[in-house]
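Next come two complexes, and both contain chain A; in the first it sits with chain B, in the second with chain C.
Now for the complex of A and B:
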């Protein structure tokens, strides 16, 4: 038998042909664009005229750009608030929903609905809820003698309003993960804890929480990646304002690329964001893996 | 056998993936030139452009035009750039006026200056001055005017009567505006005298431009090398906004989501600086239209958009030019205005019999048409314009929010703009 025929007839070829469509998709829509972004970040490119070689000057400019530095600071503030509030809040809600209470299914659905709602709809809703003059939020707060607040229209409050809105939007997802993890805790472990005389707090602290740690690690890493890349919610509400109070890294990237047509500079921002995300994720996984308990 | 079947299935899947890409609809067949036009029109305008294309195809057997909707016009430039990169792009595309300088940089855009010179039948000078300025980039002309609008004062007649103030006149001053806005404001009813779009975007900036020009100021120095908006005229304009927003609280600050239109329609806002595109959103209000209040003059700002031609070879360029000449001719342009309510793009349209029907059909539109004569200045046509606009937008927003003094905010923005202009792109 000639070697050629063996390859043609082998299962290898069929295998390769089968993965070909997926591979092509990943290469075309994943690998090539990433490579292109790297190239773009080394160019002066306005997407219109022929690009010119920039070397590392985009990166040098980035280091000295106060607007970029501010956007990094805001992104970190946002992440530092969003991750603990959404993950911690989800744990609390999941614990409540895990217990036997009436209308449990209704509550679970209610908590998850925001996740299934489109970001644009959420944005429009919050724009009206938090409108300083006509919004229901200020109306209700006024009833108890608070406010009025500017929310999205006050540079000192807008970022926190975004935190509140995104926590509301994403909480349900985290809750579902926690509920699944809670259901995965074996009953005999809890029984053993009870037999050993552990109270509710001790059981939670020393049995439940450690057994939830794989879910917690996943949620912290996942939420952090999401928070560092927050964009949609800002785009549909404050558009980076007022006075750039909500201009986070990705919004700055968007503005540079698609409003100012500094595509090379924006690509450099994208790569820096990628590195920041990578560092955060590796760090979290490294710390997390030493503390996570995987039940066998 | 079974293996071969598997292989065949996989191949089919891979091939059909490859076949999904590519394609294009322009070209020529049987002596007929096929051209493609991209637009963002929907609803009434969407129907009108389809009707225009059908009429053109019927009356011009040698050319066939296909009109395609590219979605939201806000992102048209990105889409066109992507299409150019992909090597398959339309012959005519609707683009915003503020992109003119960017468009001029792409080698694919047709410079129509020679066409205008060699073909007087376009009657170029019949287009409004602001439209011609907007498509002129250096010695190039990068498009044919597609749409024009301008800002005028739209007011709620009922609220004026309730407050006991006479309707705005053509000789209103800024003081009249401020006083009326104050009287129309009623905090307990959550009613405001005026509204201002305060998202620091171009929507914020162009309304300020009108005030700046009224006070005798300019955005840049005549050579386009330095900022000029921090002049005493600019400070005066910003101070008007500051006083109304932070002292009188007579302005509803719109966060950029166009709530102001709903609020005006529900009688919560007395006056707007807005254009003809908004009028259809006010079915519940008996509104009047007046030219803008003035300081040294009553200038307004005009926002022209254009049809840009992209080069797909001489035959298609010629066909595209034929279409645009026909489509922007006075008769066709008037037909368009009558159907859509858009302003006439040519001065001579106002002399056509159909113009009378148009003015009757769209309440207040006649004032907007006259107001086009008050659009004397244009925004600078520069690649860096968006950066200038963003710097100015931040300054105006800071003033409106009471976070900065007019002079200080404008000086800071001017410093940024000077830096951008010094770098030269």
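Now for the complex of A and C:
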């Protein structure tokens, strides 16, 4: 049989017909943009007029831009707080929920509901809760002798307030993942540990935690990627302020591209963001995979 | 002797945690039925003097929430339907059919998963601009018609199904499309539900892409409309919270009613 016939053979043809719509769409909206963003980063482009060649000047500018450097620093501070707090907090909550106690369904619903709450609604809601003058947060904290705080309006507190708000919004998803992983731990493993005389802490530390490690690795990588990309909640609350205190990388990227129309410069920022995301993910997966315990 | 509590000590932690998660939403509702004066008072008015439902009427009148909902429904509905269709077709081909270039294509499509949307949003905007779809629902929908994640999810699921049934159907003269729609998909409802629910949540709550593509109010989605509603009514918190409740209520109700499905779907995106 000639090779041409084989390619036109029915299974080849059917295969391509089946994947064609998805492939065209992913090429147009997934693959072409990757090449294009590299090209853009080498251009001066205002999204309207014909672009001009810029060579590496966008990158050269980027390296010396203190505003960009600060946005990277803030993003990393945010990520370094958000990831351990949300993943660690979710582990604790999941362990508490993984039992047959009364009201369990209610507790679960309470923890899961923010997952369905959009980032925009979360932002508007927290603007109100954390309002320095009339907000209920300052009222409740005042009851225990704390505050009043400026929260989003205080440059020294805004980023931490963003951390608190986003942990509230994302915790439920992590808890769902951990509960599914806990469900997967066979009871006889725990019984065996108990028979061997392991205490509760030892069982947790040496049996449960290792069995949860694939879920932990997934959540750490996933949360890190999301934290490095945080934008919505900041746009709706602080708009990167006050005094740039919450201008993270994607906010800077958005601002450069769609407010200042420096699309070439913004493309360079986007590629640096990609590089940072890639380095973090690869590093976490590399370190994680040596420690993760995959049960067969 | 150890004192024993009459209830599990877990409640001591779970009650405050639940309160922390729920109180913001409860407070959102309480504020939404207060008068403007009550919201501008410190200490806050914890129990409103009756339900001022007129805030909802006022919010509804001052921004076209009905229009936002219709737009969001169109965008989300189209994205869910097209993801289910195209990802099924592609996922089935990648799982079962042997065709030229299959492995390379699969890896290439999957590789795009590694690139976050934020990285490619500028060229994506330029592509939508070239297609003449800026400031239209089409522009919102186009990049969301198919996700590599969906193809991967369905392919993995299809591969766990026994192949015998499909072969028997083929021998009986069923077409490949017939096999997919009559045999494979009815067996794949859990995976399809997962893809549908995740696409629904993601598209409905998406903000960044509408923010970039849409400029006019009558093309806004719920999320974008809500954000500009906030911009227009700065500190009228009762009005803003009424808008928030209206925007959130449908999703929250669906979520609580179908919680089991949502949870199972989200859980299966993480594990494996």
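One rule holds for everything that comes next: the second predicted complex is superposed on the first by the 287 of 296 C-alpha atoms of A that agree within 3 Å, B and C clash if a C-alpha of one lies under 4 Å from a C-alpha of the other, contacts with A are read in each partner's own complex, and residues count from 1 in each chain.
Operating definition for what follows: a residue touches a chain if its C-beta (ideal position, glycine included) is under 8 Å from a C-beta of that chain, and two chains touch if they have at least 3 such contacts.
Keep in mind the model is a prediction, meaning the values are calculated, not measured.
Aligning the two structures on chain A places chain B and chain C in a clash. Of the two partner chains, chain B and chain C are each touched by A:124.
Contact with both chain B and chain C is seen for A:258 once the two complexes are overlaid on the shared chain.
After overlaying the two complexes on the shared chain, residue contacts for A:180 are found with chain C alone; chain B is out of touch.
Contacts of A:133 after superposition: both chain B and chain C are touched.
Legend: residue contacts after superposition of the two complexes on their common chain; A:270 is shown touching chain C, with no touch to chain B.
By the document's definition of touching, both partners, chain B and chain C, reach A:21.
When both complexes are overlaid on chain A, the residue A:238 reaches chain B alone and has no touch with chain C. Of the two partner chains placed by the overlay, only chain C lies in contact with A:110; chain B stays clear of it. Put simply, more of the residues of chain A are touched by C, taking chain B and chain C as the two choices. In the superposition on chain A, contact of A:152 is made with chain B only, not with chain C.
Overlap of the chain B and chain C interfaces on chain A comprises residues 11, 13-14, 18, 21, 25, 47, 124, 127, 131, 133-134, 258. For chain A in complex with chain B, the residues that touch the partner chain are 9, 11, 13-14, 17-18, 20-21, 24-25, 46-49, 124, 127, 131, 133-134, 152-155, 238-239, 241-244, 255, 258-261. The residues of chain C lying in touch with chain A in their complex are 7-8, 10-11, 13-14, 17-18, 20-22, 24-25, 27-28, 31, 39-44, 86-87, 89-90, 92-94, 97-100, 102, 105, 108-109, 112, 114-116, 118-127, 129, 142-143, 145-146, 148, 151, 176, 201, 204-205, 207-208, 211-212, 222-224, 226-227, 230, 237, 240-241, 244, 247-248, 251-252, 254-256, 259, 262-263, 266-268, 270-271. Considering their complex, residues 6-7, 11-16, 18-19, 21-23, 25-26, 28-34, 36-37, 40, 47, 93, 96-97, 99, 101-103, 106-121, 124-129, 131, 133-136, 139, 168, 171-173, 176-177, 179-181, 184, 214-215, 218-219, 222, 225, 229, 231-232, 235-236, 250, 253-254, 257-258, 263, 266-267, 270-271, 273-274, 277-278 of chain A touch chain C. Residue ranges of chain B in contact with chain A, taken from their complex: 3, 6-7, 10-11, 13-14, 17, 75, 78, 81, 102-103, 105-107, 190, 198-201, 252-253, 255-257, 259, 263, 268, 383, 386-387, 390, 394, 397-398, 401, 403, 425.
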